[in-house]
Structure formats: C-alpha cells, structure tokens
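Both complexes below contain subunit A, partnered by subunit B and then by subunit C.
On to the complex of A and B.
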C-alpha cells in the first residue's frame, strides 16, 4: 500500500452560534471525521452545500483550527506545524478571487512562487512550463481581470502546482465553469494524478465525483456517511432499479401513493429547460418498473418519457439520506 | 525551496513588487498619491505667513524658539506620514486582501505571517519616502526652509520609533482582522495620536488635560526630539532622555504587537473569519 499523504483522524469543528448565549450548544460543522488518502489517489468529498466539505478542506489546509482531532499532510502535523505542512500542499479554494485581478497571470504566478520560496530561476522555468501546459502562454501577460472564468481557474491551479506539492486540494474546482472548461479541468486533474500526486477535491456534482475520484467520502451533516470507490458504492445498490420519468404536472399525493405501493423512495426536480418534472423512483422488487409506471398513469400523471438507469452516486446519496444532493 | 532568511527576503521583495504593480495599475490614483501631500501643505504655508508679523512668527518663537513654521510643519508631517504609512500599510492592506478574497491564498503559502505583514508595509513606506523627498524639495524651492542641525542623529532618533510603530501596526492589524474594519480604526488611532503628539503645533499650547495625554504618548517625544535636533527648538526634555523613551517604547510595542497579532490571528483561524468577500 502506498504511503498515506493525508491522514485525518476524528476531526471535529464547532462554531459558537452567532448572537446566542454561551450556554447554547455550538453549531457542529464537522462531527469527527476520519480518512486516509494514499499517494496518487484522487479522493473526493461529496455532499450537499453545508455538509462540512469546505470546513474539512480548510482544516487540512491550516486555514481553520479544528476543535479536536488531528491532520497530517505528508507525515507533517498540520495543526502544530502548519508551515511545514503547507510546503507539501497546493490548494485552490472556491471562487475566482483568490488571485490578484490587477496583475497579469504571469505576475500572479511570480508573486506566489516567491511566497512558496522558489528561487527566481526555478520559478521562471516552472511558470513557463505551467503556462504552456495550461494553454495560457498567449494571454500570460494580460491582467487576470480580462480572463474568462475557466482561465482564472487554470491560473489558480497553476498557482497551486508551482511548488510541485505532494497533495493538491481543490474546493469545488469546476463550480461556475461551462461544460467544456469543466471537462478540460477534469483532464488536468487526471494529469496531476498521473504524476503521482495526491488530489483531494470537494464537489457537489456526483457525475464529477463518479468520473474523477478513485474513492469518495459522502458527507452529510458534518459526518461521513459512506466511504468507498464510486463503483463499490453503486454496487451496494445492485438490488435497486432506478426509474426516471419526465412528467408534465406533479402532485405530492402521487409520491406517497408510490411509496405506499412499495417504492423505496423518490426524488423530484423541475427541469427548467424542458419545463417538466423529472421524477427519480428507487424500486427494489416490491414494486416493478412496469407497475410503477402503470400506477402513475392510473393516478393521472402525464408521462412524457421514462427510462431505466443504472444507479449513480446521487442514488447512493438518496438511498443513504432519503434526500437529494441538491436539497 | 528556499528556507529561512533567503525565503523571507524573497517574499518581502515579491510583496513589494506586487504592491507596486497594483499601485501602477491605477495611474490617476498613483499621480494623486504623489501630488496630494503637496496640495495639503500649500494652504498651511500661506496661513502661517498670514500669522507672521514682519515675516517673523512671534508666537511660534515664544513656544519653540524657532520662527520657521514651514520647517516645523514639514518635519511634523514627515513623521506623521511614516506613522500613517505603517498603520495603513499593514491594517488597510490586510482589510483590502480580506475583502478581495486573496488573503486566504496568501496564508496558504509557507511564507510566515509576520513576513507577510512586514511586506505589506514596505511599499507604503517607500511611497511615503518618495512623497517626503518630493515635498521637501518642492517646499524648499517654493517656500524655503533651513535645517540647522545634522540629519543623521535625527534619523537615529526616529529609527526606534519606526520599529515601535511596526509593533503598534501589528496589534492594529490584529484588531482589523477581528473587527473587519480598517478605515475607522486606523483613522481614529493614526489621526488622533499624531494630532495630540504635536505633528502640527507645539504641544505646550494644549490645555492641561490634553497636554497630559500628549505627554503620555511616546510619539510626542519623537516630534519634539527631531525638531530639537534639526531646527534647534526648545525641547520638552533632554534629547537623550527622549531617545531612551523611544527605545523603551519600541520594546514594549513590538512585544505587545506580536502578542496581540498572534492571539488574534489564532482566533481568526478558530472562527474561520479570514475571508469576507
């Protein structure tokens, strides 16, 4: 087994409630999570907003002090010796404003290279190589404020790789990117893994976690509720059939009726583009797919189309929590 | 990777260069920052002239022993500018980086926070020095003034004050971190302290309660001693004693500043209040 590059043990973070008295119980953002990430693995923290993913990543990156627990990065205690841990870490936080918009892409990289302690000559070589690799050379001497969101994200990634860190941490790396830019960024992340670096990323896009991650920790309410490879997590749902149907109008009573007939659970969201309700129903044999469709038609549902699909990580989350990731 | 002093010096240089690049990206603002102090000085000169009788400022001479109000004022303004430079350079830069969202990116590098804080004041100090040299030349050419004393001993008097200001600035930056408010705090501290310390007038004109406060501020002795050394004004106490006060002040403020900043940044890491963008 490869050496563990990130070791998190019983990590917990509590925040006092704003405007409340000291007697009130604190808000528990992370409730004692543990995991290890071996070298060369892409590890995803997956969960809805507010589940504790970013708080966890901020504690690992030394920006936030845990209430209790321990964090080691490349064997260095990140709580007691943050500077030593930071020498092994490259971090891209969410949001585009983590670089100076009034500087050019190259100037930003030169600045952060100096803060990482890279000698000027080494910095120049690495910056040129990274600009080239991330297809930014032509625009390197333009102010970042003129960059697209995707370009800014690539500069942030280049910044995090300047010191050739053992561990790269990415907080919602593709949030706000168009599909093409997101795909390109995912390719770059795979390249980083192929160099033997460890990648820890947070995301609330289950497809992204599914495609990118070797293992995924699913977060909910500050706890890890499942941890395994996406394939293994989905394999646990082998007994599950997933029916997806587009329905013109929805009545909550229909959902209750389906569950009464034997559906495990269901999830509903409105597709703004197609102007239909997209219903996902989990079935485990008590109710067959055909029976579920017939039941819906009998109830009066105008089904535009329906299909059977393989369980996704979203389905894993729904199965574990009874709710969708978007809730 | 560099470590120790080479790493720190490289980081300081990079922060200075970055601040210069950002400064130059607002050209109108850059020109105004250079010209503004000169614009403030001009009315003061003419006001002082209007109070003079036959070209001699009798009142000022009675209080200080010099009649050269321009030189008296220029020296006060120079020291005040450095006070502001350190305070604004640290506190305001920190607030600005919190607001724009880059503070966390900086704190994610292995450059020690104290080095980062020091770096943030360097450009501010450089700009102040450029300002002061330019104002000194302009005022000398336009209005004329004369230093009768030697500059080097006066600089040695100011040196511990500058270090002391860094201690104070660090503490102030800590307060900015936790209150997320820079302008009001820095204005309040910087302006009131410099006014009460006699940046623009001899403190002996103050009524007794304010004079008591003024005499409790170590900065008062810096203005007083430097003017004594360069203009030969009557000082509040022997210059050597004023210098001793400034050295003691330096040790106290640096120690206190380090403690306050350390505790507050620790609290910020506990509360997760580094970014407010």
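On to the complex of A and C.
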C-alpha cells in the first residue's frame, strides 16, 4: 500500500455551549474519528448537516485546534507544526467567499501565490496554466463579483492548486452548483487525482460520494459509522431490497405494521413539488416487495407509484442510523 | 528564518498591502473618506467657535490665555485633523479584519503557510499609507481652505507625524484583535472616541480640564501629537517638541508591542473557538 498522505487519529473537537454556563456539557462536534488516506485516493466524508464534516476538515487544515487527537499531513504533525503541514495542503472551504470579489480572478491568484511564497515568475506561469485548464482565461481580468458560481468555484480550486499541493481538501465542492457545473467540477477533481494528488472532500450528496470517491467515511453525530469503498458499503446490503413508493397520505401506524410483518426499516420524506410522501422501505427475505405493497394497499394507502431500487449509499445510511441523509 | 522564507514573508507582506489598497479603492466610498470628509469635518467646530468668539473675536481673551494663541482656526483644525486620523484607524484596522472574518477571506488567508503576524504587518502598512494620504489631504485642505500656514520646521512636522504612527496603529491593532473576539465592539469604540475627544485637547486647550483629567491627558499619546503639531505650526522646531517626540517614541514601541501581542493571543483563541470564519 502506498504511503498515507493524511493520518487522523482519535480526533475530537468540543465547543463550549454558547450562552450557557460553564457546567453545561460542551457540544461534541467530532467525537474521536480515525482514518488514513493513501496517496492518490479520493476520500469522501459523507453525512447529514451538523455531522462534523467541516469541523474535521478545518482541524486538518490547521484552522481549528482539536480538543484531542492527532493529524499528520504528508507525515508532518499538523497540530504542532501547522506551517509545515500547510505547505502540503490546498484547501477550498465551502462557499464562494474565500476569494476577493473586488479583485479579478487573476489578481486573486497572484495574491494567493504570493502568500504561498511562489516567486513571481513561477506564479505567472502556473496562473496562466491553471486559468487555461479551468477555462477562465477569457474572463481572468474581470472582477470575481461578475463571475458565475461555477466560475468562482473554479477560481477557488485553482487557488488551492497553485502551490501544487500533495493533498487537496474540498468542503462541499459542488454545493449550490447547477448539475452541469457540478459534473464539470467532479471531472476536474478526477483530473487532480490522476496527477497523483490525494483528495479529501465532504459532501452530503450520496450520488456524488458514490461516483467520485474511492472510499467513503459515513459521518453521523461526530462519529464515523462506516468506512469503505462505496461498492463494499452497498455490497454489505446485498440481502436488501429497496422499495420506493409515492403515497398521498401517510399514517405512522402503517410503518409499524410493515415492521411487524418483517420490513427491516423504513424512511419517509415529503416531496414538496409532487406533494406526496416518498416512502423508502428496506426489505430482506422475511417480507417480499409484493407482500409489502399488498400490505400497504390493504391498510388503505393510496399508492401513486412504486419502484424497486438497487441499494444506494443513502440506503446504507438509513440502514445504519434509521434516518434519511437529507433532513 | 532562512533566506528563502525571508523572501516569502516579504512578498506576502507586500501582496497583502497591495491587495488591501486595491480592494479599498474599488469600493467607491473611499472618495468620501479620503477626499470629502477631511474637508468638511472641521467646519462644524470652526463655526461654533466663531459664534462663541463674536464677530471680531472679542470674547477670545480667555481662550488666548489658555491656548497661547488667538488663532482658533489653526488650533481647531489641527486638533480635529489628528482626531480624525486616529478615528479612521480605530475603525479601520478592526473593520477590515472583521469584514474579512464575515466574508470568509480571513480563513483563506490563514491557510497560507506562513506566520500569520505577517498578514497583520501587510494590512498595517497599507492602512498607515492610506492614513498618511488622508492626513496629507487634510493638511492641504487646512492650508487652502482655512489658510493655516506652517511657521515652524517642516522636517519636525514630518518626523512628528511618522513617530505618531506606531502609537496610533498599535492602539488600532489592539482594537482589531478585540473586534475579532467580541465581534461587536461599537460600544467600546465610542467610549474610546469619547475619551480621546475629552482628554486630548482636540477642540480646546488642555488647561481648561480639572487637574486629574489633565494627568490622564498627559498619558495619552494623541495629546502629545496634537500639542506638538500645534507647536510646530506656530513656529517650533525639533527643540520645541523634543519631549513629545520622546514620549511618542516610547509609547509607540509599547503600544505596537501590545498590539502584536494582542493579535497573537487572539489568533490562538480563534483557532480554538473556530471563529476565524463565520459559524
């Protein structure tokens, strides 16, 4: 196995509860997580809002001191020697606000190149190459405030790659992007991987984690509840059938009845646009999909449509936590 | 620090200063603070003084006795000009850090592999430069609009201004650090502003203050800057203001050291609390 570029051990972060007295227990944002990312891997942190993904990324990127635990980046102790660790890191935090809107794309890159210590000549070459590669050359001399969200995100990515880091970290890279831009960005991330760099990203889109990541750590309440390749995580659910049904009206008693009959799990979410309840039922041998549908109809459910799916990472999450990823 | 990192830090400082100035002038309101405010600001004081003095200045004798001059226009505009400079700085440094904290650029600056003090040095240089531009604008205005003339040594005036910078920006850096933890310190700023207005003899001679207030006044560096400027304008040279220069040099060193110390402490705190960015 190639050498680990990121090593996180028993990492923990507590925040004092705001506005409460000191005796109150602190908020445990990250409750002791450990993982290692070998060189050249795309590693994803997947989890619902507040699971502790950003907190973890910030501790690795030295913006936040852990309560306990250790972080090494390219073998350097990031807590003791943050500056040394930062030399190997390129980080894009969430949102598009990490660059200056009143500067042009090129000026932003020149500025950060200087902060990273690149000599002017090297900086100029790399900036031109990155602008070219990210299709920004034509707009490079316009203020960033006039860019689209996708363009800003690409400038942020270019900024993170300026110093040719061993490790690229991205917090919710595709949040707020239209599907086309998100696809583009995912392609760029794959390209970064193909250059031999290690990528750590957070997301709460399970499809993204599924398509993009070599391995995924599923976060919930500050803990890693599963860690494996997307394929392996889903494989563990091999015995599982997933029934998805749109129902006009829902009664919690029906869910209980399904479980009584042998359904493993169910999850419900209201689809605002279609104005239906979207029910996901996990089934194994004890109850077939046909039986489940019949049961629901007998209970009086008005099923608009139903389908069978192969398990996704979402189902892995539901199976592990009993709740859906998107709240 | 080896030579390569020395070059790196120097480039970073210069880049921060350049970025600060570029973004500053791209927000159009800079024209107001650099060109308009310095011209308008002293008028209010000048006219209220004129009202009190009477049309021919017959009521000025008490003022003249305490201030040592009947030229209240010069007296006032020098005081208010320095007050304004101090004020801009008091908001400026903290304001620009706070804005970056809110916008999220503070965190992306912190991701750079260098000691973060250099970032503050860069902002400090830019602020000081812009402050000098504003001050020059004010002084030009004073000369053109209010007819104030420099009777003393221009070199003494220049040295005085330069030597006032560390005290002023040291205080600014302490404030900037407070802004970053407290997030809202308008109250504190108003308090300090009031303190300066009352104690530094901006619009009246310090001699009118009760004794204990005069002692407070003597501690504040800005009182020394203001009184020394007045002395040079009235014809003084290095000899006349040697005492003030010495005091300003010492207080400048102390306040700058405290400023950078506060910045370092606050930086550590923010790294623990996770408040570099907005949460």
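As a working rule, the second predicted complex is superposed on the first by the 327 of 327 C-alpha atoms of A that agree within 3 Å, B and C clash if a C-alpha of one lies under 4 Å from a C-alpha of the other, contacts with A are read in each partner's own complex, and residues count from 1 in each chain.
To be clear about the criterion, contacts are C-beta pairs under 8 Å (C-beta built on N, C-alpha and C of every residue); 3 or more make two chains touch, one makes a residue touch a chain.
Fair warning: this is a prediction, and the values are worked out from it, not measured in the lab.
Peer 1: Would subunit B and subunit C fit next to each other on subunit A once aligned, or clash?
Peer 2: After superposition on subunit A, which the two structures share, subunit B runs into subunit C.
Peer 1: According to the stated criteria, A:321 is in contact with first (subunit B), second (subunit C), both, or neither; which is it?
Peer 2: neither
Peer 1: Mind working out whether A:280 is in touch with subunit B, subunit C, both or neither, as first, second, both or neither?
Peer 2: neither
Peer 1: Does subunit B (first) or subunit C (second) touch A:91, or do both, or does neither?
Peer 2: Both subunit B and subunit C are touched by A:91.
Peer 1: Which partner does A:241 contact after superposing on A: first (subunit B), second (subunit C), both, neither?
Peer 2: Neither partner.
Peer 1: Quick check on my understanding: which residues of subunit A belong to both its subunit B contact set and its subunit C contact set?
Peer 2: Correct list for subunit A: 15, 55, 58, 61-65, 83-84, 86-87, 89, 91, 93, 95, 97-100, 102-103, 107, 110-112, 114-117, 119-120, 143, 159, 163.
Peer 1: Hey, which residues of subunit A end up touching subunit C in the complex?
Peer 2: Contacts found on subunit A: 13, 15, 55, 58, 61-65, 83-84, 86-87, 89, 91, 93, 95, 97-100, 102-103, 107, 110-112, 114-117, 119-120, 143, 159, 163.
Peer 1: Where on subunit C does subunit A make contact in their complex?
Peer 2: Residues 4-5, 7-8, 11-12, 14-16, 18-19, 22-23, 26-27, 103-105, 107-115, 271-274, 276-277.
Peer 1: For subunit A, which residues count as touching subunit B in their complex?
Peer 2: Within the complex, subunit A touches subunit B at residues 15, 55, 58, 61-65, 83-84, 86-87, 89, 91, 93, 95, 97-103, 107, 110-120, 143, 159, 163.
Peer 1: Which residues, counting only subunit B, touch subunit A once they are in their complex?
Peer 2: 1-3, 6-7, 10-11, 13-15, 17-18, 21-22, 25-26, 100-102, 104-112, 116, 266, 269-272, 274, 277
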